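Below: a set of structures, written as C-alpha cells.
In the two complexes below, chain A is the common chain; its partner is chain B in one and chain C in the other.
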Partner chain A sequence: MKKNVITSLILWTFCLVVALPGVAFAQDEGAHVNGFTGNAQSGKELYRRFCVGCHGDEGNGEGNNAEWLDPRPRDFTTALFRWRSTPTGTLPTDEDLYNTVTRGIVGTLMPTWRPLTPQQRVDLVAYIKTFSPKWITQKAGTPITVPAEPAETIEGVLHGRELFDKMQCWKCHGPDGRGDGPSAPTLTDDKNLPIRPYNFHDGTRFRCGETNQDLYKIFMTGLDGTPMPSFADILQPNDAWDLVHFLRTLQPLVHSKSRELWLAYAGSHKDIKPIGAE
Partner chain B sequence: MKFSLREKRAKDFVCGFLVFLVLVAIFLTFAQPAQAIPAFARKYGLPCSACHITWPELNNFGQVFRDNGYQMMNDMDSPITRDASYFPASIRITPQWHRESANNQSIDVLPITETSGEKQGTVTQAGFDLSGMDMWFAGTLFNNVSFSVLPSSDPTAVFHFENAYVRFDNIKGNHWFNFKVGKYELDLPVSEKREWTLSGNGGFYYIYHFSPFNDANPFGGIGDNQTGIELTGHSANSYTRYAFSVVSSLDGGVGLAYGCTAVNTNCSSPAGRTFDYYGHFEQAFNVPNAGYMKVGAYAYYGFAPTFVESSGAGSTPLYGRGNKPFYRAGAEWLWYTNHWNLKGVFLHGYDNAFLANGVPSNTPTGLPAGLHAPSWNGGFLEAEYVISPQWVLLGRYELIRMSQQADPTPGLGSQSNLDAYTFASRWNPFMFSRAGLAIQAEYSYIRSADITNQGGAFGGTCFGAPPCHISSNSLFFATDFAF
Partner chain C sequence: MRITYFCCFTVLVLAASAILVSARPPAGGTITGKVTYTGTPVKMKPIDMSKEPVCAKEHNPPEKTETVVTGAGNSLEYVVVYLSAGDKPSAPPSQPVRYDQKGCMYVPHVLVMEANQPLQIYSDDPVAHNIHPMPKANSEWNKSQPPGAPPIDTKWEKPEFIAVKCNIHPWMHGYFAVLTTSHFAVTDADGNFTIKDVPPGKYTVTAWQESYGTQSQEVTVSAGAATANFSYKALPY
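On to the complex of A and B.
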C-alpha cells in the first residue's frame, strides 16, 4: 500500500510540475527587445524579488507598500500604460515597457533598473505582460513617427506659447508651468486617485525621459490613465515642436536655447500678454 | 471490511492525492514573496530582496544604490522629499545556540593545578549565546551627500564605532568622482561585513585578517575597517568600479594609536605618522543567458613602526618610528547567475622582515642572520545557491599556505597554514516592510598548523611542538534579525 501511495504522490507531483507552468504562462506572449527574448518564468522570479513589494503578487498595484506610495504603483492588470510610443488607447511596445523599467520614473519611487542585465529586464517585461489578457487579444500599437526637430527660434517659442494658452494647457499646468493651474486640484487618474500635473519649474527630467523627442511623444500619444490627452488629432508636427520649445522656457533648471531666446525676448518686450488672461 | 484490489488501489491513489495536497499547502505556506524593508528599503518602499541577494549581501542593484551614495537617483533621495517622521535607523542582533570544539589542546592534568603537568585533550563549549549588536544610522543629508554611523557592541554591550563617515557623490554631476571621509570598510572584492556566515569559525574570511604566527606586524588585515579618505567611481550600472583609499597607518584605531595585538600588548602604543594605500578595480561582463561575471584586482600597501620614540626612560611612548612596509595584493573572480553565485578570491601577503620579527629597524647590528620576510598565498572559493530571495545555501573552502616563514627554525615550513570549510543555510521565513528575520544553520571546520586556535570561541594552546595542528569546528543555529 505504501508503495502505491508513493507512486500516486509522484504522479501528482509530476502533473503539477508539468502542467502548472503551462497554465501559468499559457498567455505568455513573450517579449522581444534589442535581440533579447523575454522569458516570463525567469521574469516571475525577478518580479518576486524586485517588484512585488509595490506592484503586488497579482500585478494589480496593491503590493505591501502600495498604500504608502504616491503616486500609486502601476496596475498591470488594466494594461494601461502612460509612457508609450504608441497612439492613445493602444498597448505599448515591448521596448516602451523595457525603457520604463530601464529608466525608472523620476519623482516617484520607481527606480531605474539599469543594474539588471538587459536579458533580465526583457524577462520582466515578458512577465508583466502575463497580468492582462489584453496582451493576447490585442497587438501593441504602431509607434508614432517623430519628425526631425526644427531649429529653435523665438517665433517658434512664441507660437508654442500661444498654443499653450489657446489649448488651455495652463488650466492644469499653471500659467508658469508650476503644475498649479485652476483645474489641478480636481484632477484624478483612472483609479480615481488625485494626480498632480507636471511641474516644469522643479524638474529637470520628465517621467518618460529627458529629451525633446520624449516631450513631443507625450503630446502625440497622451498619457493613458491620466487626464493628459493625446493631441495627435489637433496638433500638426510643427505645432507640437513649437510647444516643446516653449515648454523648455518654463524649466529654469535646464539649459536650453529656447529659454535663452525667451529670456532675451521677454527682457525687451514689457507688453507681453500673460497666459490665461481673458 | 475488506477491499478488492481495485478499491485498494483507488484508496491509495486518493491517499497519495491527500498527502500531495498537504505537501503543496506546506510549500505554499512557506513560499511567501520577500518584502522586507530595513532603514533604506523603508525609505524607498522596496522589498529588501531588491538590494540584497539575501540580506545583508548586496546584489548588483544594491551595489549601484550604494555606489550612488545610498540614492535611487530619481529625485526622491534628499531627506526633504520624505515624511518628516522618517528616521534612518536600524538595529541588528543575533540570539543563537552554538557549539565550539578544538582538539589537540593543552589541558592541566589536574584542573587548576599548575604543577600537575599538561595533557592533550579536546575542549568543547556549547550553549545559548548572544552576538554583539549593531545600531546603524545611515541615510542622505542632501542630494549627493550621505552618511553612515555604526556604533557596534560586543555581547556585553561595550560599544565602538564600526564605521562613521560622510560621503560626497557625483561631484560635478560625474559618477566617476565620489569620495568619503571617516572610518569605513575598504572596497574589498567580497565584503566581509555583508557576508551572512556568522559562526565562530565561519564568520569571517581568514585571508582578510591573516598574520603568520608570532608576526609582530600590528596591522590586523584588510578586513578591518580603516580610517581615511576614499575616492571611488563607477559606471551607471556599476559594472566598472574603482576605489582608492589613503588611510592612516592605524589599522582603524582611534587616538592615533594602534590597538592591542597579540605581540604589541601595549594598547596605547602610538602609531607611526604614515599613511597606507589601498586600491581596487573591478569590471563586470554580461554572460549570455547566465547573469554576469566580475573580475578585479586589489592591493594594500602599508607601513607600521618597528619601535617607539619615548621619554621618561621608556615609560612614556610618544610616536612610532622605524616604519617598515608590508603589502597584501590579489585578484577576484565572481559569477552571479540566476541561482548560483560563485566567488573566488586570491591574496598574496608580505611583511617586511624587521616588522614580522619584531626587530627595531634602528638595531645597530641590523637584522639578525637567518630571519626572513614572511610571505604567503591564500584565497577562498565560495558557492551560493539562491533557492529564492528567502532561502540561500552556501559552501566555502578557504586555504592559506606560507611560502616563506619569518623564523628560520627548521621544520616550520607549514606553520600557520590553514584550511577552512563552511556550510550554511539561511532562511527568511518572512520579510515584510520594516524588518528582516533569518534563521540560520551553519557548520564550519578549520585545520590550522598553529600554536593557538585561529577561530572559534576560544583560543587555547596547542599541545605539541610547532607546527602543531589544531582542528576546530563550530556548529551554529541562530535567529538573526534586523529592524
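On to the complex of A and C.
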C-alpha cells in the first residue's frame, strides 16, 4: 500500500516537472498573427492539399514539381527565410511568414494564398514551423524599426545615388539597376544554384512587397540564404531612406516623385558622374 | 608519542604536496606531427582578380586557390588538428580572434576559435565586401562591410566548420573552425603542427581539411612529446 503511494507520488512529480513544461512548449510552437492562433495539425492537412507538390512531404523544397521550378521552392528544414522584418541571422516573425503566404512571390511559381481564410493561412504558418528544430531552440528576431518616411527631395535622391555607388550595390545590381553588374553572373544561393540580382529597370513589384517600407526592409535585414547582405550596421535611417528614394528613380515602370525629380535634374545637368566610375 | 609526531608530519607533507600539485597545472605534454597526402591533389590555380583591379594590383604574381594548399614533401597546409575527445571542457577565452580581409583574400584562410569566443572581422580593403558565413548548426547571416566600416563583432555558439564567402568577389573563400577545446593547431606551410600544454591523458586527435574531411586517431600523452601524423588520400578533382 505504502509502496503504491510512493509510486504515485513519483509519477505525479514527474508529470509536474517534465510533462507540464512540455505542454507549454507545444503551445509556444504554434503561430500567432492578428489575433488568430495557428493549429499545426489543421495546417498539415492544408499543406498536404496545397503545398506538398512543390515544397515536398518533408518540407525540404524537394516536391515532385521542384526540379522544373526556378527559383526553387523554399526548403523549410533550414529555417532560412528571405523576406523578414527581423535582422540578418534571426528567424522571421509569424507575421512575416503569414505575409509571404498571403502575398505570394511575384516572378516565381508561388501564388497568392488569399483564397484561403486568414485562419487557414495561420494554420499553415504553424505547420511550416514544425519542419526545423530551430523554431524550438530559438526565438524570432526583434523586428527592425522603420522610421517615418521623409519627404522625397532631389538632395535625398542624389545622396542615395552616392550611397548606391559607395556601398557598391552596382557590383551586382548594375550601374543602371538592370541586375547586370560585374559580379552578377557568379552569384549563387544557399543551395549553390545560380541566382539573379533584382532588375529594377524591368521590375515593378518586389518579392517582399511593393511599398517603400518593404524596400527599406530589404537592405536593412538582408535576404538570408542569398548574396544580398544586410546594411543595418552601416546605414543610418536617413541614409536608408535616401537609398530607397534613389532606387525608385531606377524604375521607369513605376511612377514616383523621386524619379520625376531625378529626370528633371538629369535633364539640366550634363556632368553627372556615372556610377561605378573610378 | 613518536608515532603521533610521525603521523602529523606525514599528513603535513602530504597536504603540502597536494596543494603544490593542485596549484600548478600538471606538467604539459605536446602533440606534434605532420599532415601529408598520397595521390594527386587538385592543382592550386592562380586567381583572376581582374574584375577588381585594386585587389589584382596587390598580388603579383597572382594568389593561388587555397582549397588544397600543398608544400614540399607532400605536406598539407591549413589543416586544423585538435583534441576531439578526452579534453576537459573549459570556459571560452574572452580574448577576441581576428579575421581580416586584405587584397580581396581572407587572412588567415582558416581561422580557429572556441565556441562563444568573441570574433572580430576587419576589412582593410578600399572596396566593399559582404561577409557571408554559411553555417548549418549556427544561424546563417550576411553583412555588408564597405571601405572604412567598423569591424563586425560576433561569435559562434555551436562547434562546426563554417565556410565563409564574399558574394561580390567569388574567389574569396575561407573557413571558421569553431571548436570546444583550447587545444588545437593549424598546420604550417610544411604541414607541421604542435599542440601545446596538453595534460597527460588519453585523447582522440582529429585532423580536418576542408576538401578531404576529418581523420582521427587515439594518442596517449605523458610528460614530453607525443606524435600524431595524418595522411590523406588526395583526388585530382
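FYI, the second predicted complex is superposed on the first by the 250 of 278 C-alpha atoms of A that agree within 3 Å, B and C clash if a C-alpha of one lies under 4 Å from a C-alpha of the other, contacts with A are read in each partner's own complex, and residues count from 1 in each chain.
Definition applied: contacts are C-beta pairs under 8 Å (C-beta built on N, C-alpha and C of every residue); 3 or more make two chains touch, one makes a residue touch a chain.
This one's a predicted model, so the numbers in the text were calculated from it and none came from an experiment.
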For A:G104 in the superposed arrangement: first (chain B), second (chain C), both or neither? first
Going by the touch definition up top, name the partner, chain B or chain C, that contacts more of chain A. B
Quick one: is A:A184 in contact with chain B, with chain C, with both, or with neither? Answer first, second, both or neither. neither
Based on the superposed arrangement, let me know which partner A:P118 touches: chain B (first), chain C (second), both, or neither? first
Is A:N64 in contact with chain B, with chain C, with both, or with neither (first, second, both, neither)? first
A:Q138 in the overlay: touching chain B, chain C, both, or neither? Say first, second, both or neither. second
Between chain B and chain C, which residues of chain A are contacted by each of them? none
Show which residues of chain A lie in contact with chain B when the two form their complex. 1, 4-9, 11-13, 16, 42, 45, 48-50, 52-54, 57, 63-65, 68-69, 104-119, 203, 205
Residues of chain C defined as touching chain A within the complex: 51, 127-128, 130-132, 134, 139-147, 149-150, 152, 167-170
Interface with chain C, chain A side, in the complex: residues 80, 88-90, 134, 138, 166-168, 171-172, 182-183, 186-187, 190, 222-234
In their complex, what parts of chain B are in touch with chain A? 8-9, 12-13, 15-17, 19-20, 23-24, 33-35, 37, 44-47, 49-50, 60-61, 63-65, 72-76, 236-238, 286, 288-289, 291-292, 338, 388-389, 432-433
